[in-house]
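You will see subunit A twice below: alongside subunit B first, and alongside subunit C after that.
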Partner chain A sequence: MGVKVIIPTPLRAYAGKQESVEVQGATVGEALTALTAKFGDLKKHLYTEDGRLRSFVNVYVNDEDIRFLQKDKTGVNEGDTISIIPSIAGGA
Partner chain B sequence: MASKIEVAANTTAGAAPAALSKEEILRYSRHLIMPEVGMEGQQKLKQAKVLCIGTGGLGAPLGLYLAAAGVGRIGLIDFDIVDFTNLQRQVLFGSGDVGRPKIEAAASRLRDLNPDIQIDAFETRLTSENALDILKDYDLIVDGTDNFPTRYLVNDACVLLGKPYVYGSIFRFEGQITVFAEPDGPCYRCLYPEPPPPGLVPSCAEGGVLGVLPGIVGTIQAMEALKLIIGKGQPLVGRLLLFDAMGMKFRELKLRKNPECPACGEHRTITHLIDYAEFCGIRGEEAEAPVTTVPEITPKELKARLDRGDDIYVLDVREPHEYQICNIGGHLIPLGELPLRAAELDSSQEIVAHCRSGKRSAEAVEFLRKAGFRKLWNLKGGILAWSDEVDPSVPKY
Partner chain C sequence: MNAMRLKLGEALAGRIRAHGVQTYPHECCGALLGRDGDGAAETPRVVSDLVPLANRRDDSPRNRFELTPDDVRLAEKAARERGVDLLGWYHSHPDAPARPSEYDRDHAWPWYSYIIVSVQKGEPRDMTSWRLQDDRAAYDPETIEIAG
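Let's look at the complex of A and B:
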């Protein structure tokens, strides 16, 4: 399935400065694997050393947080949007 | 969906609603003529007690609009001093306030805007020791903070005290806003159980921010606070509003309560406030420059050597837009491009790398050293130090 992955501002430097990337995958896990295969530097920002998604990064399929779906096994359909939403803290 | 939060219900049950004077009726007439607010809504605003944490980028619109709306008691907490670089976005302050405690300037401005309300000014840092005590007197907490430890502290305090918390955060051109509200809604830890490691997400000082962005996000927070107080409209409970200023787009994501949340879940493990600096991994690293083992040269030493005619290649590893602000005639190869362009450098030549403050250039020197270069120096303190010590005509930024 072709899905669009929206890259958040803090991580665009590691994704060739792109705002979004089209990848193939049937699940969120597959899509993110395809993304990090394309942009190796993204991997360490998204995943811990033992391969888990970092807990300050949330992933949504359309408007649903995958933690409340099937996590990285959440299925994606053609045209879905995966959003990576990291924690930000600016305010001053 | 989450039920409406009765903020004003925290006031003394059975007390007569706060009467409005003739002057107040005139001042708030534009509220009163709307049925959604009316006398009842304005009285709720008058009785409401809201604590704004921070008086900076987010705190400025928050303070201004809550005061303008007639929130009867506004607490402000900030320990910082107004800095010249704040004026680009912290619109509570004027040029004459530079050097003044922010809390003093903020309280003064808000009292001028609305002399009828009570402003409680706390010139202190919010800590685990004082947070519960400070927050307990308020109905609603609004977030104008700028760092992870304080956000987790405020969240946990609000969960422990059962107070709703209007969250807002920004980064460069993006913002996030939501309302964390027990018992129906999620809390900050439901959204982000853990903060990023220190140094990954730059602050506004390090990463930059378009000045008006906190203005937009803070104003949305103020709107949510007012809606919660008057009990009208749909609050952002369970909804994460994302704002993309460049695309001028708002998106909304669902925010769910995490049943396993340590703060607000079914089996809570957070029963008191903790050491948040430690939680965020910055204990011992706070405000310290990174320990560097790269060889350094001071601006004065570099100037002396250049004046002497030494053959030194000055490598500027900043970004092109920084070079436009100021430069010392160095050869520009941005840090991110160095791996691809290292071949442009001559390893037989002495190379002094510099950036703005010395951090990125230290990384550049480390990279080049690993690539086999030997005659390397990092300009200590960067172009900022050059401006201080050698040539004050070089603007600082």
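Let's look at the complex of A and C:
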């Protein structure tokens, strides 16, 4: 199934400078695996060395955070949009 | 390497300072929208708008700021609607210098511009901008060009 993955500006350099990428997959995990297979450099920015999604990377399906759904097993349908959202924080 | 440049209108610079004064002694924060150059020294990034946001760190707002993923999505949506990019973020350092802290570096992303305004005793002081190096080892300064 074709889903659109929206790439945040800091990661576009690792995704062919594209704002969004169309990939195939029945779950978020499958879609992101397809994405990182296509753009290998993205992998280290999204996943830890042991293959878990980094804590400062948030993933949404349409308007829902997958942490509150079935995480990477969250199902996706044709036409859904997956958004990769960076966590933003800092301070003096 | 070429010095990186960020163009910021005086009115927008004034809004960032005013936001820092308004939230003092807490940190303010918000998004920078605009157009990226092509990385060459002669084509700076240009900030065309701001999205002021609320600091979500209730426990330590004097020296920390944090945004929710929904805040970030709101800023990205605002950029898309205006046909520009989300270029980065601004925040204030109340009673601290306008230099990125270790905490800033630990939480930063490459590519984004990070503007910091120092607010000393309620008065806005230095404003600086920084970009994290790709290997996350350090920040590179980015020259802010204030334009009328």
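Here is the rule we go by: the second predicted complex is superposed on the first by the 87 of 92 C-alpha atoms of A that agree within 3 Å, B and C clash if a C-alpha of one lies under 4 Å from a C-alpha of the other, contacts with A are read in each partner's own complex, and residues count from 1 in each chain.
Throughout what follows, a contact is a pair of C-beta atoms (placed from the backbone, for glycine too) under 8 Å apart; a residue touches a chain by one contact, two chains touch by 3 or more.
Since the structure is predicted, the reported quantities are computational estimates derived from the model, not experimental observations.
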Tell me which partner A:Phe56 touches in the superposition: subunit B (first), subunit C (second), both or neither.
both
In the superposed arrangement, which partner chain does A:Glu64 touch: subunit B (first), subunit C (second), both, or neither?
first
Would you sort A:Pro10 into first (subunit B), second (subunit C), both or neither based on which partner it touches?
both
Identify which of subunit B and subunit C touches the larger number of residues of subunit A.
B
Using the touch definition from the top, say if A:Ala89 reaches subunit B (first), subunit C (second), both or neither.
both
Find the residues of subunit A that appear in the contact set with subunit B and again in the contact set with subunit C.
8-10, 13, 56, 58, 60, 65, 83, 85-92
Residue numbers on subunit A that touch subunit C, as the complex places them:
6, 8-10, 13, 56, 58, 60, 65, 83, 85-92
Partner subunit B, residues of subunit A touching it in the complex:
8-10, 13, 45, 54-56, 58, 60, 63-65, 67-68, 83, 85-92
Looking at the complex, which residues from subunit B come into contact with subunit A?
54, 56-59, 80, 86, 90, 143-148, 151, 168-174, 176, 191-196, 200-201, 203-205, 207, 209, 214, 240, 242, 251-256, 258, 336
The subunit C residues in contact with subunit A across the complex are 27, 29, 36, 57, 60, 63-67, 69, 71-73, 76, 85-87, 89, 91, 93-94, 96, 100-101, 103-104, 107-112, 114
